[in-house]
Every structure is written in C-alpha cells, then in structure tokens.
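Per-chain numbering from 1; labels A, B and C assigned in written order.
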Amino acid sequence: MTRSGYRRTAGLLLATALGLTASACGTDEAPAGDDAQPAAEGSAAGPVSITVNCMPPKTNKAQRATFQEDLDAFQKLNPNIKITKATDAFPCYEPRTFEAKLAGGQLETVFYVNFPNVGRLMESGQAADITPYVGELKTFKDYNASIDIFKKDGKIYGLPTDGYGMGLVYNRDVFTKAGLDPGTPPRTWAEVQAAAKKIAALGPGYVGFGEYSGNNVGGWHFTASLYGRGGDVLTPDGRKAAFNTPEGRAVLENLKQMRWTDNSMGSKLYIDWPALMKAMAGGKMGMMLGAPDVLIGLRNDFQAKFDNYAVTAMPEAKALFNGGAGYMINPKATPEQIRAGLKWIEYEFLTPGKGQLDYVRAKGAGLTVGQPYPDLYGADTPSGQEVLKLRTENANVDPAQFALWAEGSKGIPPKAEPGPYAQEIYAILDTPMSAVLTRQDADIDQLLADAEAKVNALLEKKG
Amino acid sequence: MPNLTVIPESPERPGGSGPAAPAAARSARARRPRRKIRQEFRTVVSPHQLTSRHGRVIYWTVLVTVVVSFTAAFVFPLYWMVTGAMKTTEDLVQIPPTFLPPRFTLDAYAEAWELMDLSLLLGNTALYAGGAWLFTLAIDVTAAYALSKLRPVLGKLVLALMLATLMIPPMVIMLPAYLTVKDLPLLGWDLLNTPWAIWLPAAANGFNIFLLKRFFDSIPRELLEAAEIDGAGPVRILWSIVIPVSRPILGVVSILTVVAVWRDFVWPLLVLTDSEKMSVSIGIASLSSQMPQNVLIASLVIASLPTVVVFFLFQRHIMAGLTAGSLKG
Amino acid sequence: MRRNITAYGFLCGALICFAFFSWYPMVWEVVLSFQQTNFVDPPIWVGLENFVTVFEDAAFGPAWRNTVMFTVLALVFGYGVPFVVALVLNELRHARAYLRFVVYLPVMLPPAVGVLLFQWFYEPEYGLFNQILGFFRLPALDWLNSTDTALVSLVIVSTWMNLGTGTLIYLAALQTIPGELYEAAELDGAGVLKRIWHVTIPQTKLILLVMLLLQIVATMQVFIEPFLLTGGGPENSTVSVVYLMYQYAFNFGNINGGNALGVMLMIVLMVFSAVYLRVSREDKS
C-alpha cells in the first residue's frame, strides 16, 4: 500500500470511529441485546416469551435434532408461547458459568439444575415458587419420591426430570482383555480392588479405577462412596459433619491402597466432570462410579463405543446416592412465564410418548432406548406403567448392559444430597480425595479430622 | 494478565527521541548483520576479544547452543502442536510417540472447525477486536488531544484520575465491573453478551491516554498556532495536523489494543457466557474437556494462527511498540 | 470558555467509559465488600462480615501463600532468565532476528491456547514432557497431579508464555548503553563479568527495577493457569487469590465475599503500584 493510500485508509477508519464516539456520547443509543432478558414482558392475553437451556450440544447431533423438533412442535401446539432462545452450553450445569449467569440475570426462564445445587437455590431464594401451578401438570401426581428434593417448607421449587441411583460403570472390553469375566463384575470393594489391579497390569495407559478429585466432583463422589458404605456426610439434623467415621476412613483407605499399593488408578487427576468421562470413553479405563446415565453420556457426548460399557450395582451398597437433575424457573419470571415454562418442562420431559419419553422416535433417531432411567414415576401409577410399556416395546440396547444394576439396586434406599451447602461441603471434601490420590504419605485420620472441622465451621457460620 | 504500563523514555540508541517508533524500525533493519562477526556498536564483549581464536570458539558455541535451545523451547512445542493435530487419538496416546505424524491429514482441523464452530468464534473475536480498536482510537485520541492541546479547566485532575486506574489492575475490579456491565448504572442497560461489553471497557485505557498525550505534547506548538491563525478549529487541527503526524503512536496503540482484546480471557469469560457470543479463547476453553484430543489440539492451532500471522506481518511495529511502552501480559 | 466546552466535548467519550468501567467499579467494589446480596432481593449492610468469612475460609491461607509463592517462583524464572537471555542475545551477531522472533512467539499465542497446550504436554502417561524424560531414562514427574509439583508446573507455563516480553525490553535497554563505557571499563582492566556488574547493571538499574514491580503486579493476579489446569488443587496447592475470588463469586454464590478478597488484593497491589509510579517519575526527572 502506498503512503498516501495508507493515510487515506487510516483517515477513513478514524472518521468512522469518531462518528461512533459521537453517537456513543448521545443518549438515544440503546445497545443491542433484545433477547438477553429472560424476564421479558408478557401479559395474560398476549404471547409469552420464555428462554430455555440444556439444548444438546452440536457434538450430540441426534439428540440436538430431536430437541429442535420438540421446540418447534411445542410452539406450534402453544401458539401464544414463544421460546426466544434455547441455550446449548454443555454441560447444562456448568459450575464455571452457572452462578455468573444467575448473578448476571442471564439465566434462562427455565433452567436446568442438578441435584447438588437444588438445596442451595431454594435456600437463597434463587428459584421461583411453583406450588400454585403444579396442579395444572397432568403427570404431577404420579411422581415418585424424587420430587421431594425440590420441596422446602411445603413449597415446590422445581421438577425432577431425570433420576437414578449410583452404580459402578465398567468397560466390558477392558475386562475381557484383563482376563476378567464381564458378566460377573465386582460385587465388593475387595473385588473392585483386585479387578483394578489386573486391568492396570495390561500396560501403560491402562487405569483400573478412575476417580474424581477436584472442582467439587471429588467431594461429590466421596459422598456417593460414603453413602454406599452406610455412612453419612452430615448428622440427621444437618448441623454437624458426620463423615469422620470408620466408613469415611474406609472410602479413603480403599482409594489410597488402589492408588499407591496396587498402582491401579493412574497418576492423572480428574478434576472436573467431563475429564473422567473423556478418560472412560478413551477405552483404557476399567471402572468408575456412575449411574446408568453415564453410559448414555459416554455414547452421545463422548463418542465412546457404547456396546463396550455396562453398569452394575454399587459394591456392598447400603444406600444409593440419589443422582439426577431437574428444572427450575427463574425467580424473576412472571406468572405467565412460569406457566409457560412448566408447560415446556411437561411437554419435553414428563409426558409419556413425547419429548425425552418419545421412545418410538428415539429408536428411529439412533438414540438408545431401554436404559432404566429416567426413573420419575411410581411403579404402579398410570404414567409409570405407560413409560415402562413404551420403553420395553421400543428397547434397542442390550438389556445386559443395565440388568445387573437394576437387579442389584432393588430395595436399596435412595439418599439425597447433604443439605443446601452441598457444594461448599464438596469443595472441602475435595481436599482429602486429592490428598490420598497425590500423596503416598497422606494421613487419612488427619485429613478427615481437618475436613470435619472445616465443615463444622461452615455449618455453624451458616446457622 | 494484560497489564499495560510504561517504561522510561524510548531506549533507542543515541539521540532517539520524540516520535521514534518508525525510526527505530528502520534502524533495526539497517542494523541486521550481513557479514561474519562484525559489531556495529560496542557491547560487553570487545571486538578484540570476539575476533581472537579463543573468542571465536566461544562465540560459535554460544550461538549454536542458544539457537538450538531456543528452537527446542519455543518452536518445538508449536511443531508438536501442529503435527499432534494430524495424529489420531490412538496415535496420541502411543508410547513412545512418533516424531512425524503417520500421514499428512487435515481431518482434525476440519472437524475442529465444524464441531467448535470456529468460524463463528473467530468472527466474534474479530468483531470484538475490531470494534475495540475503533473505539479506543476514537475515544482515546480525542481525549488525549483535549488534555494535551486544549488543556481545559480540571484537565490535570482528569488526567490524574485516568492514570490512577493504571494502579489498579482490571483483574482486581472484575466483579464490580462485571456487575456494572450487567446493569449499567443510571441507564439500566444490560451489556452482557453484547460487543459493547468488550468495546467500551477497552477504551477506558489509561495507558493509551498516557502514550498518546505524551506524543501529542511533543508536537510543536507553532504548528498548531499557525493553523489556528489560518482559522482552523480544533476538530480540523486534530484531523489534518495532529493525526497525520501521529501515525507511529497510533500504530502502537492500535496493535496494543487489538492484541490485548484478542488474548484476553477473564473478562470475556465473565461477560460473554452465551456460546453464540463467545470469543475464541473462551469457546475453546469451555469445550476443551469434551473434545477428542486431536480435535482440541487442532482448534488450538487454528486459534493461534491469527495472532501469529499478525505478528509475522507487524513484527517490527510490535517490537517498536514494546520499546515505546511495554506490553506486559 | 469556548475552549473548555470544546475540550470536554472531546473528552466526553473517555469520561463516560472511564466513569462506567473504571472509576465506578473501584468504588463499588469497596461498597459491595460491606454488603450482602443474592441479586433477587435488595442488598443489606453487614459490616466486616464478608472479610471475616473469607478470612476464616480454609482456602484463604493457601490462596495467599500460593499467590506469593507463585510470584516469587515466577520472579526466579521469569525475571532473571530474560535478563541473562537478553545479555547473551545482545552479544550475538547472527540469527538475531530469528531469536528475537521465536522468543516472542509464545507471547503472541492467546493465553488460553498456551495453557491448554501445556495441559496436554503435562499428561502423566503420554504427555510430551514425561515422554522426553523417559527418552533420557529419567523418572516421570506428576506435574499437575502432585502437591509438590503443581505450582511449579503453573509457573513454567506462565514463564514460557511471558519470557519474550521481558527479553525484548531488556534487549532494547541494553542497546542504549553507550559503548564508550565498556571501552573505558576495559581499559581499566575489567573482565567480562566485571563489565556486566559495573557497567551493564548500573546502566539498566532503573528498567530492572521497573520490570520487577511490573512483574510482581502482573503475577499476583494469576488466574487462568489454576482455572484451566488444576481447579486450585490438588489439596488447594494451586488456589490463588483471584481464583478464590472467582470461586466465591461464581461457585459459592457469594459475590460479596469475592469483593472482600478483591479489596484486600487491591490494597496490596496499590502499594506496589505506588512504588512503581514513584520509580518511573524519578526516572523522568
């Protein structure tokens, strides 16, 4: 470019820029962002605008397509409801952005929440009370006990759409390679330990048992293991820590032995939810704690070879950590928006034969049918029976992948998250988890005592 | 950590003063050695020492060591990245790894482009950087001109307040700044997930004002007074006298601004939460843990290309910018 | 008068931007640190409660300790090394353009890219670094996965990404030293090291000091490395003050606690910045 040409271009750009400033100084300019506000206006008569989240990500093509279909069908069915935006951030609950969006008023009208966060959101008044509206939902009366998670002081703040008990996910292919029988996975922790050792012996890169150790998921899985062993995180009144017990010690001792004595856990730390999922999907990891949904997640979101995986019951389980998720409504939503939002939840997640429970379509779209979840309705209710019937009729997965879990989990009581401060408690429990996985000389008694003191201090402060 | 601050006067060699940036670039070009060991200017080691037999041996040893270690430290990782994206996920976990990819393929790049929607992310980032550049130039040039040449009442105080912001790094005030952007005081606008959230804060840059004002101060008064006598108003003076002679410093400010916006992480992480609006750094970081390894690596390569290309093209300006002020980040 | 109106017309864009995005947030940070809010209901004043909360947090001590450690380690690697590198580069007569180019190349990568790249290099089983160690028959390291090495691993990433800046600034400074000084020193019989000690360092003292302060201020804000690589773990060994601040605001739903931490950090950094301003003003006179 010649000198004068350069100057002319620069001049032109600067002129544009000056123009922009001038208009920025004026007061008549409103920034773009028409779809940014979830609490858009909407009156009883006119159309209602809502936003939703948890649209499946682009990497999950089949589910994304069915979700889009549902968005269109739902709006056609309800011409006065307009879904102005469907967010596809993945994972749907992303700890790094959830609070940011909530604080920023960016949270959708209908938002996904996993069980660990439900308590806190109810406690801090960050979800709308939907008690007056649930009567309008046809299947509401058929809910099983999972609805209790969303209840506080007799009011209802959300609807579970997914629920399952914890189990042990394992890779059948890796089991075979290690000379283990994939048909009889471990039933005790001693067997888990022995199997993990054999798998790790397959060579470099193989990990017998993978476990979380950071970003609150470490504490989350500690809780799952502890519940399985019959322990508890908090005392029944929720005022004191209750994990500095033989059960708590056993959880950590077991991990420590696998990590350091058997060297069967690898040396990589899995510090967030997708990290372990990705490793499991990689095909060189033998086992991890997880509910049946992990299998589907591995298939749809992490491109794993689905047939290789199976889930069995949690070893020696005395109680099953109740995993799952649901939807809540933005506290700033208008009554009309709440109604519209609940209608969407009902359509997409709770109506047998529609949305996520449209098993005929799922089968045709190359999605899995037959996994024993979501487990939302009582077994003898009309909805429960209908879902079961549809599911059995259209099943396309190998029932063996879930059979051991379903069989082994029967009659084991479910157990919920440890109170409204679950996330803070998990953050504290990350420390002992990462300690036993990173330090051979980790002092388990000391770690538990420290964590206990910290949790007690936390609970005392929160009153 | 984009934190811009000043280092003392232009350190170019003897007599380097005032509008020195292009001069620096030119002299750098002239200085490039063409012959064997020849010193254009005196440094610690004397020419005498350097040309002795002993000195030559040491010199060549040091040179080879430096070149090899620099290549290993700074070029090899990039080579590993570019070729890593050509391996399959199985190749990547192979022990020991292969130095060359088994075959030349751009599949992972194509997959990264599609899965991560990189065209959208790069487009967003370009929009943010471009807009930030325009706003920064427009706002900071006019402000520095006013402070330097028009000198209004309380101008000194305004300048001091602007420079005071240099003492508090943006990281420290990220939470209230975030809340401000979310709900602009008095106006009530919500700028989250709009380009304004990047553009306007980028213009509030005390360091740019400082650089520009210092430069404008060095423009001779007579030049402006002559124009004033001819009846030119301040806008005209700024436009046809100040801006044309300030090209070097405008170049420096432009590059600093564009590069800073392109590299920024924390601020866009907070204000661009919508996956449709993310900048490329945020988009990749948020998707990193679910992508297959080779796709992730490919996306890293693609994301670094624009800045590396800019660096190739504007190397001299960027380095001159470093000496005019310092870019710390 | 007319001149003033014109001048403020010119200034209005900058004044608006600074007011909204710099001045107001600074003041508001302090205000928020004394309040409690959930963004649904109006805020309430709580005095020093937020400060007490973060002070009593189990991660508070580690966060400050790690931040200081990170800063110190980053100084060891990232402050001295570029100066030595610049000294050597300044003596070289070949490949200068190449060397200057490659040393600055990592600076041009977006930090997120650099950090994610190193995340891959640090993989314990098949990552580049352990493969290289294995090639030389050295024992593998745990890098990010051990309390002993995690923080150092973060410092390495950060140093790799920022080394070029310091090197080039020093290089420019070295070129301002008049050659006569070296000649004079040589005539006095000073060897190479003595010349560095008695000529180079005194001549670049000011810039060395300025860079020291700049680097302290920059590295005390470490965030992206723990955020993307370690999540503050293992065992809080890499949690930094800014990371904790972010956690408070966006993971624990306690933005006011985050502000309290921000105010503390602001005070510390202002001390360094004030020293820095003093130093650079001294230079001008």
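We adopt the following convention: a contact is a pair of C-beta atoms (placed from the backbone, for glycine too) under 8 Å apart; a residue touches a chain by one contact, two chains touch by 3 or more.
Here is each chain with its UniProt name: A = Sugar-binding protein; B = ABC transporter permease; C = Sugar ABC transporter permease.
It should be emphasised that the depicted structure is a prediction, and the values quoted were computed from it without experimental measurement.
Note on connectivity: the fewest steps through touching chains from chain A to chain B is 1.
Located most centrally within the structure is C, per distance between chain CA means and the overall CA mean. Annotation: B-C is the more contact-rich of the chain pairs A-C and B-C, by number of C-beta pairs in contact. Centroids of chain A and chain B (each the mean of its C-alpha atoms) stand 39 Å apart.
The geometric centre of chain A is 35 Å away from that of chain C, both derived from CA atoms. Distance from the chain B centre to the chain C centre is 16 Å, each centre being the mean of its Cα atoms. Across the assembly, chain A contributes 21, 24, 96-97, 100, 103, 105, 204-205, 272 as residues in contact with two or more other chains. Shared contact sites, meaning residues of chain C that touch two or more other chains, fall at 13, 125-126, 249, 255. Touching two or more other chains at once are residues 93, 95, 138-139, 142, 179, 200 of chain B. Of all residues in chain C, those touching chain B in their complex are 3-4, 6-8, 10-11, 13-15, 17-18, 20-26, 28-29, 32, 87-113, 116-117, 119-121, 125-126, 128, 131, 134-135, 160, 162, 165, 168-169, 172-180, 182-183, 186, 192, 195-196, 199-200, 206-207, 210-211, 214-215, 217-219, 221-224, 228, 242, 245, 249, 255, 258-259, 262, 265-266, 269-270, 273-274, 276-277, 280, 283-284.
Only residues 12-13, 16, 38-41, 53, 56, 58, 123-126, 140, 142, 144-147, 230-236, 247, 249-253, 255 of chain C touch chain A when the two sit together in their complex. Residues 89, 93, 95, 115, 117, 134-135, 137-139, 141-142, 178-179, 182-183, 189-196, 200, 243-244, 247, 250, 269-270, 273-275, 286-287, 289-292 of chain B touch chain A in their complex. Note for the complex: chain A touches chain B at residues 7, 10-11, 13-14, 16-18, 20-21, 24, 30-33, 36-37, 57-59, 87-90, 94, 96-97, 100-101, 103-106, 204-205, 272, 274-275, 277-278, 282, 284, 301-303.
Taken in their complex, chain B has these residues touching chain C: 1, 3, 5-9, 11-14, 16, 32-33, 36-39, 41-46, 49, 59, 62-63, 66-67, 70-71, 73-75, 77-78, 80-81, 84, 92-97, 138-140, 142-143, 145-147, 150-153, 155, 158, 161-162, 165-169, 171-177, 179-181, 184-185, 200-201, 203-204, 206, 209, 233-234, 238, 259, 262-263, 265-266, 280-282, 284-285, 288, 293, 296-297, 300, 303-304, 307-308, 310-311, 315, 318-319, 322-323, 326-329.
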